[in-house]
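Please go over the structures that come below.
Look at the two complexes coming up: chain A is in both, with chain B in one and chain C in the other.
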Partner chain A sequence: MTAIENSTAPLPPMEKDAAIRKPPIRLLLLPAGTLIGLLLICALVVLRMSLGERNAEWTGWSLRAYTQLASSRNIGIIVDTIWMALLSALITTLVAFPIALFLTRTTSAFARRLVLIAILLPMIISLLVQSFGWMAILGPNGLLDQAISAATGIERPFSLLFNRTGVMLGLVQTSIPLAVLPTAAALRSIPLSLEEAANVLGANRLRTYRHILLPLAWPGMAAGAILVFGVNTGAFVVPLLLGGLKVMTIAVVIRDQMGTFSNWPLGAALSVLLILLALAVQSLNRLIVRTNVEIKR
Partner chain B sequence: MKQNPVLEVRNLSRTFAQGAVRAVDHIDLDVQPGEIISILGPSGCGKTTTMRIIAGLESPTSGEVRILGKDVAGKPPHKRNVGLVFQSLAIFPHMSVKQNVAFGLRMQGLDSKLIETKVAKALELVQLSPEKFAERRPSELSGGQLQRVALARTLVTEPALVLFDEPMAALDRRLRDYMAVELRAIQKQLGIAAVYVTHDQETASMMSDRVIIMSAGKILQAGTPEEIYEAPNSRFVSDFLGDTNTLRIARVLDQEDGTSLVQTDAGLAIRVANCSAIAEGAFVIFRPEQTVVHSADPGGAFEGKVVSSQFRSGLYRWQIVLPGGNTLIAQSTENRLASSAGDTAWVTIDSGKARIVSQ
Partner chain C sequence: MSMPTATGRAGIEWLLVKGTTCLLLTLMLAPICMVLVISFTSGETLQFPPPALSLRWYQEVWAMLVGPDAGIGRLRESLLVSLEIAVLTSLVCVLAGVPASYALVRYRFAGKTLIEELIGLPVVFPAVVLGIALLVLVSVSGLDFGIFQIVVAHSIIGLPFLMRNCMAAMRGIDPMLEEAAMTLGASAPKVFREIVLPLASGGIASGAILVFILSFNEFTLSYFLYSVDVFPLSIWLFQQANTSFSPAVFAVSSLIVVVNVAAVLVVDTVIGSRGSAA
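Presenting the complex of A and B:
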């Protein structure tokens, strides 16, 4: 965000006889800028379609899609989606903190590399593959089932697939890298001497975490949480496969409307909602970063 | 009546890499009430490790640390009643000056009114006006001001012993000298016992009642700054405290009444007072200011050629090569040579000040 703003700010006037003319720095943004411009056009197309009539998305004008969007079923799904994204952001951030602390504190380069690779795997492996993995573990007659049955003799004691718990597991697992990396970056910038100073000044381990480590790592943790929340509001593959159409999210409904039901305006209206959510989250991010600006020296 | 020492370190060792590296090698030291001692040595000599063990931030391999007579083995830093001013200062960046200074008191669970009073007092002690600085953020302070905050934050908790880990290393020479004088004054005023760890011998000399010279994990010499400067027991100590002329002794020409006439391996005959036994392969050492240069032969002087001359902070300094190949550094507050490089000069050595060391 800031990079784009800076580039549009007027450049300082250059002296006429300056020996070396610097190439304008905004040229650097050209490739990415083109893509973002295309994305913007797509967003506008979606906006237009959301205001169209069914089967006349380009010619008609109507707010029908938005009234459909406000139906109690859809509102339920929207609230559900936001709630799951929020919960997954919270859980992921909590899970990520000790991992990030380990990454920054371990003295073994081997252990650090190993953990880092494990953390990054979800970003490298296709979401589809990860979800099928979860299905193989959690599904009926899956690994977990078999293990529990073998241990207790009870057939199908509980199910973690095709319900919220399963979706939540998937959402948390797939977004761990998004939370670990910014948290680790924030922790890495905290000198060990700050903790030692607190320690010598009479703070035990717990109080050192509370008064020094957590407040200083907070911007990184918040950035991670917001990232996870933003990504998971648009979650599609994980809820589709692990929720099995029993757990609906906005993205799953968009696919249903645009695909199965050919209701492009409603799908587009839901998409507009997702875009607005993303923008809202982004501005939240800026708010938090701004209030913590003094921490960075 | 002799008071009990604030700090007693006994036979302290710390090894790394399964004993292959001896960072601290059987060290003994005491700090008396109201005394400030410096541990002085080059980087990697074990001085910082020693200090961190005293603070409880590292554990010793063997040996004992006693604070106010109590063995503190296994006690975490926050239960040791020790203050530490870090090299990096370690000011908490997310807290105001007041919050930084109040931190230790808050951890002690003091009442907020009392904390307020104590913080204001501590800030005044380090000459930061509470009205002006209490609410400031660390990012708004200069290096010298941060220094004062770190000092106030440590002193306000009234620790039994204050440790300093080269906190002034980042300051420029003038500010460092100024802070050293001020820190010394505050320390005397409050009567705190302190250990100051540094590689900067000037600061150490200015600040300390006693200096301990460390190298490779061992204590080489301990004494008042003056004693050690005047009577170093080795070439290393002498070199570390300032420029030294070091000449290897080839043989002893004459010896009577504690005064020896020795000949260096370059063939110079030097008279040294106050020395008895001279071991094989010993050195004669003397400082640049313990020589006198002359522009004409005063009789009994060494004749040599001036290689270079400098003037710095009121001191004149010459490098003079003697015929045998030895180069002497001579120093004076007067410009005793009108000569420049290449001219002939004569040097005499103060035999009362020259010393003989075996290594």
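Presenting the complex of A and C:
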């Protein structure tokens, strides 16, 4: 924020005038800065609590919470959460590719608009409501249960609700839009002439996919996968509703530690871990965007 | 069987892409459709397919909203609180986000990249952590912020969405227009009011609608910050789902879906007509 020079980029000769007339930058950024500042304070609060003693979060200093993180139960939960986020990112990215391909290649403006709106719906509509829908599909006497019983004649063949499969379905379904949009953006930037050239030169469609479409679309796909991974490591609503109390993700455990078990330092240490994961994801994303820009130059 | 084409826009390959897309979109929208279907059931349970279709649960919800016993279920109260929170959140985001967007689009200053990164931070910041930290801050302060603790929390996560739309719209404004107005003697506030705001209004409006819906639907932050007096609709739904999971919950959910879809269509139209943000 230091060395602030108020200037308009496009017209250097006007700079001096503009500097006098334009409102100061600090004033413009102040309200938004307050909100973001509060977020940063929240991160610091969590960091401080994680280094505190149980029941003396503000006065004591201790690393006990972090040693508790290394207990086998907590390691299990952390690995489980990361694994579910990874798997959901992988599945979502695969599922997103054909949708993104259709979105960029269809010649019908109506179809494109329809698909785009369909893609936006799971992103906009309340996660809570969508989880209710899954509960009705997966739960006892739900759609899937009825269909499988009718087909096999077995009553209640298996349950998908309140276990990892149900949570995974929910995670993938709600994050499809996050993967489709960057993949579609990458596919849109590939000129059709490249594919036509490959065709003229005798490459079949499989080779065109392998050597042209996939390599050029991969930064978009990777960006989508990283975004899905990042969002799903912090997943709370979906595991809470579709996992019952049987699927523990880091976010759900934070809730339990801060609430029921009132072990604030441990909850805070897990929170710090989630923040670090989120920051790592954001820097990885930036790295991919940057390399992508360099390739395009 | 048709021959494969150079760009995969016809023939078997295109059929495959089209078919997979249709199938996947159907699966993706299945939970939403399920909520809509079950809300019309005549039965008492979430059984699928419903024994018969009826509007009885909508009548029940209507009675909960405007009937003589409307106070008991707290549905009306929750709906009003959620609307109030969503309107205030949009307002805060517009007031904070529009000037900041203008600064990021039109000014050059040291640390701009850092500020852009910080503005994007709430998108990746885990909501559970934000909710818990705010709860700790509120309880340490010992004050009662009432509705505003949720409004502030929602504004933090809504800000990047508003600014993304607003900045895209402002980037589309030719700086010459502002320069010309200034040369002709217009003051900075006047230029902002009469040139920047009208030209960016589409982006600001679509951003504000997005934030409204984001806040209206938000669960995680509200879950940590709600109180007996401030009991948003999402918390009401969650509580109902844990106690009496009757199709009435699905009728309320369907109404929420309708509001959400309407918002998507409005944003789509606004963006489409202005041709700004993607």
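Here, the second predicted complex is superposed on the first by the 257 of 297 C-alpha atoms of A that agree within 3 Å, B and C clash if a C-alpha of one lies under 4 Å from a C-alpha of the other, contacts with A are read in each partner's own complex, and residues count from 1 in each chain.
Basically, a contact is a pair of C-beta atoms (placed from the backbone, for glycine too) under 8 Å apart; a residue touches a chain by one contact, two chains touch by 3 or more.
Predicted model, so just to flag it, every value in this text is computed and none were measured.
Asks: Determine, for the superposed model, which of the two partners chain B and chain C contacts more residues of chain A.
Replies: After superposing on chain A, more of chain A is contacted by C.
Asks: So in the superposed three-chain picture, is A:255 touching just chain B, just chain C, both, or none of them (first/second/both/neither)?
Replies: After superposing on A, A:255 lies in contact with chain C but is clear of chain B.
Asks: After lining up the shared chain so the two structures overlap, which partner does A:78 touch, if you call chain B first and chain C second: first, second, both or neither?
Replies: Once the two structures are laid over each other on A, A:78 reaches no partner at all.
Asks: First (chain B), second (chain C), both or neither: which does A:65 touch?
Replies: In the superposition, A:65 touches no partner, neither chain B nor chain C.
Asks: State whether A:238 touches chain B only (first), chain C only (second), both chains, or neither.
Replies: Touch partners of A:238: none, neither chain B nor chain C.
Asks: For A:51, select first, second, both or neither according to whether it touches chain B, chain C, the two together, or no partner.
Replies: In the superposition, A:51 touches no partner, neither chain B nor chain C.
Asks: In the superposed arrangement, does A:216 touch chain B (first), chain C (second), both or neither?
Replies: Touch partner of A:216: chain B, not chain C.
Asks: In the superposed arrangement, which partner chain does A:25 touch: chain B (first), chain C (second), both, or neither?
Replies: second
Asks: Once chain A of both complexes is superposed, is A:202 in touch with chain B (first), chain C (second), both, or neither?
Replies: A:202 contacts chain B only, not chain C.
Asks: Let me check the overlay on chain A: which residues of chain A are in contact with chain B and also with chain C?
Replies: 196, 198-200, 204
Asks: Taking the complex as given, what residues does chain C use to touch chain A?
Replies: Against chain A, the touching part of chain C is residues 4-9, 13-14, 16-18, 20-21, 24-25, 27-35, 38, 45-49, 92, 95-97, 99-100, 102-103, 106-111, 115, 117-122, 124-130, 132-134, 136-137, 152, 155-156, 159, 163, 175-176, 178-179, 182, 187-189, 210, 213, 216-217, 219-220, 234, 237-238, 241, 245, 249-250, 253, 256-257, 260-261, 263-265, 268.
Asks: Could you please specify the touching residues of chain B with respect to chain A in the complex?
Replies: 55-57, 76-78, 80, 82-84, 86-88, 90, 92-94, 103-104, 107-108, 137-139, 153-154, 157
Asks: What residues on chain A touch chain C, complex-wise?
Replies: 1-11, 14, 17-18, 21-23, 25, 27-29, 31-36, 38-43, 45-46, 49, 95, 98-99, 101-102, 105, 107, 113, 115-122, 124-137, 139, 141-143, 146, 173, 176, 192, 195-196, 198-200, 204-205, 208, 230, 233-234, 236-237, 241, 251, 254-255, 258, 267, 271, 274-275, 278-279, 281-282
Asks: Chain B touches which residues of chain A in the complex?
Replies: Contacts found on chain A: 191, 193-194, 196-204, 207, 211-212, 215-216, 294-295, 297.
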